[in-house]
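Take this structure first; my questions come after.
Note that the chains are named A, B and C in the order they appear, and that numbering of residues resets to 1 at the start of each chain.
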Amino acid sequence: MPAATVNRPMPRKRLSAFPFVLIAIAVFGCILPTAVNSPLLLTLLTSATINGILATAVGLLIRHSGLVSFGHAAFFGAAAYVMVLALERTGISVETVIIAAIVLPTICAFGLAFVMLRVSGVAFSMLTLAVAQACYELVMRWRELANGEDGLAVKLPNRVFGLAVGVFQRPDSMFLICWIILMIVLLGLWFLGRSHFGTLTLAIQDNEERARFIGYETTVPRAIIFALSAAVAATAGVLFSLYNGFVTPDTLHWTLSGDALIMAIIGGARSVWGPALGAVVFFFIRDAAGGYTEHWPALIGITLILVTVAMPTGLSGAFALVRTRFGGARNG
Amino acid sequence: MAETWSLEARGLTKRYGGFFALNGVSITLKRGEIRGLIGSNGAGKSTFMDVLSGRGSNLGGEVFLEGQNITPLSERARRRAGLARSFQKTNIFPELTVRQQVELAARAAEEDNSEDVLRELHLLQYADRKAADISYGDQRRVDLALALVGHPKVLLLDEPAAGLTMGESLALAHLLRDLAERWDLTVLLVEHDMEVIFSICSHITVLHLGQLLTEGTPGEVRANPEVVRAYLGSAAA
Amino acid sequence: MLVQILNGLVYGGMLYVLSVGLVLIFGLRRVVNFAHGGLFMLGAYVGYAAYGIGGFWAAIVASIVVLGIFGIVLDRLVFRALQKQEPMVTVLVTFGLLMVLEDFVQSVWGKDLLTFTTPPSLSGTVAIGAVSFPVYRLVVIAAAVIVVGGLSAWLKLSRAGLYVRASSVDPVTTAMQGVDTEHLSALVVGVGAALAGLSGVIAAPLLALSPSMGSTILIESFIVVVTGGLGSFTGAFVAAMVIGQLHNLGVVFVPNIASMVPLILMVGVLIWRPAGLLGAKA
């Protein structure tokens, strides 16, 4: 054992600094809109943050269940469509609609998990893609419901949660809202990771049979993780529809699922904050690619291949590696 | 009822196709006893442990834990009822630290004596290391710790000394006897190492081709000509 | 009604030819090729290009040959290179490849829908009982029948086929018995990719050509292989036939929610049999 002399309790101490670092980053983000005077950059950052939340959802599933979703756009898009349809066709208050837009996909995910978890990891990935794409086809074809590929405008009232609706649609203020929500999600997931339930899900991922033999039911915890992950993705979908004011089937398309997955992989799903970092990097690469965005899918496809093969733990993994320098016992 | 057995199995049967891996095996364990279970390869020892602990499904027979019929219970419910097991092939959580997994098991058992277990099994010094990073012998003890934590009533140990050196095996055997006495455990021990079996078991059950061959004290078993022919053979000579 | 059933057979046959390639590759490599839809799409476009030069039969041959070679290269550069990694690594890499392929095709042939006209010799209709049915669709059914027959003969009668079947049941033991999996794998992935190309080119006159046509049909072929049981040839056949029918009936009777129909079937099957219709226990 090469790392026999390394003292392992170290990471525990370092991890407990996480909430403080997070708060510092949160504060930094909050003063960013006042420091940055470029609406373009703020628009970019807002999109990156919303997608960062979606990528965080994908990362959560990978970290706590080892399952890779190619279809998280399903929950993102479902939330966006619940928003747009409920606001257009019912008289329910916008606040209730927002809650429903998060709760409904979460419940669906919980139920679906009991079917999807019956298959192996790779088949699970295939099913996530199939389910999401079926939802995409549904809104494309059922024109009376969702107006097909033309999409629908979100009919927002003047005030949402007591704030003027413009607050959600201006990049500077919306960036703040999304940023704070992202930080709350990250903090929540960090607590989840340290909780008994978090350890249990890691144990189930590690050795499902033994988890049963030490006295645990193993399907429900995995379904809960899938549902939680869906809830985070749906939150991103709600923010998107508020910010954008318009919802199209693209919110359900596999390329969005793929983007979210790629962000999670680039950033590294082994840490809570990796996927969100991946989202920021993703958007800045896209911005830098500028004139080449015509070939964006190929660029991002190649990036995915390279990162998967050369840097499987992503940026956060590489970062942790540089920090500890005790690579000997690290497990891929 | 004269006595409530700690663990009782009646007529356990398990069939794969037309082949009986286990054919009507019954066994009773007194509270606090360490029972050895021996037999040649394919005698049905591991299958017996599997059926007792709820791994897979048993086709026939019943299992009682302190008089309670636990046959319909899942492996998880059996563990919660107080029937714990370890595995022949190390079956632990490699990505968790030793302490994390022992505490997890303790929490399921709703009795946290994980520090005691870690100390008794000499695992304290590795407690915050990932289980994948410790030596094989230490991993074997982690497997044991997962079964031992939370004061189970009955412990099924499937070759806990497999792969250990002679010295390590005997040390483990004496530790087991000591713990069983202090923590009031009933143990069913499958072991190939006859020295371990004979040194800590008061009674021994011998399986042969899925059936019960004989039962008795170490002396009786050693002297039984059938056992010698079927199993001990040259090993005891 | 007869027409509906025949249309279901057409779609099911196409799905089978595409899906069986996934099954072949999974059987040997234990990974799922997420770029398979891209191969289907590439097959259609290669056929489109060859059609302009040498006509319909040239298109078919060109697709099979080009995609077969592409498959062999894919096996060497991706599946073989990554065989020691976790299966998910290969899945992600092939997913990236799908994006690259779509972009490549879009750069060469553009984003707009292209039509691949039915060859004149096959463009008529034929009377079946009281109804008339396009000849070309019967050709698609015939092609699927030929693939089913040819593949089962290959799997049953040839040595390579025997190994493939053995390997899809137990890859480790098969490899241990000295079967040259490396050699076999290039062949199998080549055949799988060629079948994807074939299904793309025969589907081309029925579907409009677009760079995203591959990812659309990929979804249904995924449902086919999971419903049939990953790695099961017969399972894929049965599932493709059933889903072909359901797809068609769905489009006719419940057009709005047609995409959900195969999914509902799959959910039902997985509740009933977690490993799929004919899948081995995991």
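The criterion applied here is as follows: a residue touches a chain if its C-beta (ideal position, glycine included) is under 8 Å from a C-beta of that chain, and two chains touch if they have at least 3 such contacts.
Since this is a predicted model, take the numbers as computed values, not measurements.
Chain A has the C-alpha centroid lying closest to the overall centroid of all protein C-alpha atoms shown. Each chain's centre was taken as the mean of its CA atoms, and the one lying most distant from chain B is C.
Chain B and chain C have centres, each the mean of its CA atoms, that are 50 Å apart.
Between chain A and chain B the centroid-to-centroid distance comes to 45 Å (mean Cα coordinates, whole Å).
Work out the mean CA point of chain A and of chain C, and you get 32 Å between them.
Only residues 68, 70, 115-116, 118-123, 125-127, 129-131, 133-138, 141-142, 144-145, 254-255, 258, 261, 265, 295-298, 300-305, 308-309, 312 of chain A touch chain C when the two sit together in their complex. Here chain B touches chain A in the complex through residues 53, 55, 74-76, 79-80, 84-85, 87, 91-97, 100-101, 103-105, 107-109, 128-130, 132-135, 146, going by the rule given at the top.
On the side of chain C, the complex with chain A involves touching residues 31-32, 34, 82, 87-89, 91-93, 95-100, 102-104, 107, 215-216, 218-220, 222-223, 225-226, 230, 255-260, 262-263, 266-267, 270-271, 274-276, 282. Considering their complex, residues 1, 3, 8-9, 12, 196, 199-200, 202-203, 205-207, 209-217, 329, 331 of chain A touch chain B.
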